[in-house]
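Take a look at the structure below.
To keep things simple, chains are lettered A, B and C as they appear, and every chain counts its residues starting from 1.
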Amino acid sequence: MSRKAVGIAGRRLALSNLEKDLYPSHGFTKAHILDYYQRVARFILPHLKDRALTFKRYPEGVDKDFFFEKRCPSHRPSWVPTAEVGRDDAEKMTVCLVNDLETLIWTQNLASVELHVPLARAGSPETPDSMVFDLDPGHPADILDCTRVALILRDLLSELRLASCVKTSGKKGLHVYVPLNREETTFEDTKKFSKAVAVIMQKNYPELVTAKMAKEFRKARVFINWSQNDSSKTMVCIYSLRAREKPVVSFPLSWKELENSAGAGDPERLQVMPAEAISRAEKQGDLFQELLTKKQRLPYL
Amino acid sequence: MAGKAIWKGFINFGDVNLPVKLHTAIREERIQFHLLHRRDRVKLRQQMICAYEDEPVPVEAQVKGFEVEDGKYVIVDPAELEQADPESSRLVEVHEFVKTGQIDTIFLERVYCLEPDINIKGYNTLVRALKEMDVAGICTWAMRKRSYLGALQASGKILRLTTLRHADEVIAAKSLELEKIPLSEKELKIGAELINQLTVPFQPHKFENEHQKKLQMLIDKKARGEKVAVLRPRQLKPTASDKLLQALEASLKRVA
Amino acid sequence: MTEQGIWNGTISFSLVAIPVHLVKAVDSGRVSFRMLHGKDYSPLHRRMFCPKEEKAVPNDEIIRGYEIAPDKYILITDEELASVSPERSRTIEIIEFIDMKEVDPIYFDHPYYLIPSKGGEKAYRLLTEVMRRTNKAGIAKFVLGEREYLVAVYSTRGTLALITLHYSEEILPDEDISPKEDLVDAGEKNRLEINIRKMMADFNPEKYTDRRRKKIMDILRKKIKQTAPVETPHAEGEEAEGPADLLAALKESMLKVKKNR
């Protein structure tokens, strides 16, 4: 078993099992994962900052059992930034905040391949700084159907003077985000608003869209999951790897690109792999930067 | 006076079986505040609120869930968890003895004092043996449906049982791996000298909870309808690393 | 809540000031559960609840009160609370050093670690190393929330640990439970010592796992394999669809969108 000690920002970390093939059908090892996250760190860290990380660990590989854990493990190094968040079993829970490179690398040493975070920061857990529409295609609908829905959604939101941005889920769907970044916003607001949007989308595009969770409504339609706008829910972080057969990244797309691919017919084209993710991010910068800064108010609430 | 006995049991190892009574050793007294509704000062209470309907949910309508994935739970019946409760027993079972110095402070949780029950001579004998050998008995017991790990030690004329934290509850200092910054011998020498100058015997009685008294004064003042001044906490300026030696030397001059 | 750790501030001794933050040194190993609404598995939140208005009260409507007579309260704001001991709410000032061995462990309450904040790394390192060499602990007082804590700061494995201490007035005297006679059985003592010597070992807490936690996890693992998990509800679109203004605006916008496509 390989072990390697590395020094990051003056902190020492013993990395283990580097040759472990975590994506066995693609020969993508833990070392590859660490390399990816190290190179994407400057793009992903601002989006992870101060948010309670949910661990989804795949120590035996992405095709095997995973460990789900919201609590920050007690064997953490103490330089790992943490926060205390209210848990409803009367006790506070310690969560990890991935605020720096060393913590990011440490999470990957634990094989926490997918990084999931809430829409609110740990210091203000009831204040979402964005609203999300999680577009999930029900078979045989696919990511291209999601593209169509996302574009209508963008236009609808823009009529309401709300700018939005979009990323791939890294699986089959798309995630449309609306930056808010205002202290006054509550999950009640974002839930109410996103639900009204989802319902009107369903009314106008009944063949394409459903706002209902139940499986029977989702067949061949894109489910607009608005209920992710909740303090207890998390979303996969932008630039995070996904645990599916191939190492695919949840990656931001420009609306232009989405328009171009909407008719193009190849759903796989929208799947961004790690090497491409790095080179594109380095070239175009963070397309999701506005998500963290742009202040918008949800109207008519 | 010691608190009242909360539990009775038998210290057990080899053929020793010594009856004892457990007493709490600490009593904390704090000024109690209540949380009020600002506008009409109604006393608030804690209540479980349904996240979706935004209304209170009574205890009988609550179920216990174990989260297996985001938003997905396995429902657990409290009766199922009772299987994990330790079997009720009156034995404080000593598994081994260790030198007292080996138990890191960080493991110590809560101290109970043991009162002899019936066999006073046996109790005294165990106190004496533990004290002379400077050892602690590592033991486990079950009390109020919980299992405990603890250290049995002698203190003065009595036995104490200190509950110990489990290893996986302690965050190891050695994992911290803090940055190693070189220090000069001179800085270390002056620092050590400064600490030695400032060292006194530990006299816990001289420390009072002044804050508690001041807080009580503030409350009394407000109760009389007097105004209280609001003071801002100040933050000290950190000593810059290139000024460290200078600050140490100045400190030493001040205390010497 | 501070951005990092439980508390941020400065630890000082004499003229040296070190910016630090306080982090947990122990973490409850308890298995955590979430309370759900039995009828539809909605998650429940613990909230402060107003029995008069029968609703949960948001944080900015809550104030701390001290009861001076039944249902009569003196209100105390956070600012007033902080100004009770302003010098101690941001600084842990070491007033003297002691030999840690002199402290009766009954005084120990709760341990934390202190971690250097930016700019404090070198002075932190010095204090840690010097305390290690001299084997001394610093005694300080500081205020956290509603309480003032007496604390001992000591050096352990290259790190500063802070342990809160009980005030001596909180420690209950044990005279009344001490044995009333001093008789010791010499032969029995000899036998005890032989027994103890046979049972001597090195302290290794890893050996004693939390058996209850392990059993609970075993029960849960078995259960997860056998039963499908329930899912929290996603209130379906049947009931209220949203505020009327929003619905009207959405309807109008939707028309425009459709026309432009």
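In this text, a residue touches a chain if its C-beta (ideal position, glycine included) is under 8 Å from a C-beta of that chain, and two chains touch if they have at least 3 such contacts.
As the structure is a computational prediction, the values presented were derived from the model and not from experiment.
Chemist: In terms of C-beta pairs in contact, which of A-B and B-C ranks higher?
Modeler: By number of C-beta pairs in contact, B-C is the larger.
Chemist: Which chain's mean C-alpha position is nearest the mean C-alpha position of the whole protein set?
Modeler: Going by the distance between chain centres and the overall C-alpha centre, it is C.
Chemist: In angstrom, rounded to a whole number, how far apart do the mean CA points of chain A and chain C lie?
Modeler: Here the centre of chain C sits 30 Å away from the centre of chain A.
Chemist: Averaged over CA atoms, how far is the centre of chain A from the centre of chain B? Could you give it in whole Å?
Modeler: 39
Chemist: Return the distance between the CA-based centres of chain B and chain C, expressed in whole Å.
Modeler: So the centre of chain B lies 10 Å away from the centre of chain C.
Chemist: Identify all positions of chain C at which a residue touches two or more other chains, and write them in rising order.
Modeler: Counting only residues that touch two or more other chains, chain C contributes 24, 26-29, 33-35, 43-46, 113, 115, 159, 232-233, 235.
Chemist: Can you list the residues of chain B that touch 2 or more other chains?
Modeler: 48, 51, 67-69, 71, 168-171, 173, 176, 178-179
Chemist: Note the residues in chain A that touch 2 or more other chains, in rising order.
Modeler: Answer for chain A, listing residues that touch two or more other chains: 74, 78-79, 88, 232.
Chemist: Taking the complex as given, what residues does chain B use to touch chain A?
Modeler: 48, 51, 67-71, 168-173, 175-179
Chemist: Quick one: in the complex, what on chain A touches chain B?
Modeler: Interface residues on chain A, with respect to chain B: 10-13, 54, 68, 70, 74-79, 88, 116, 230-234.
Chemist: For chain C, which residues are in contact with chain A within the complex?
Modeler: 1, 3-6, 23-24, 26-30, 32-35, 43-46, 113, 115, 159, 232-237, 241-243, 245-251, 253-254, 256-258, 260-261
Chemist: Okay, in this complex, where on chain A does chain C touch?
Modeler: 50, 71-72, 74, 78-79, 81-84, 86-91, 93-94, 97, 99, 122-123, 152, 155-156, 159-160, 192-193, 195-200, 202, 204, 211-214, 225, 227, 232, 299-301
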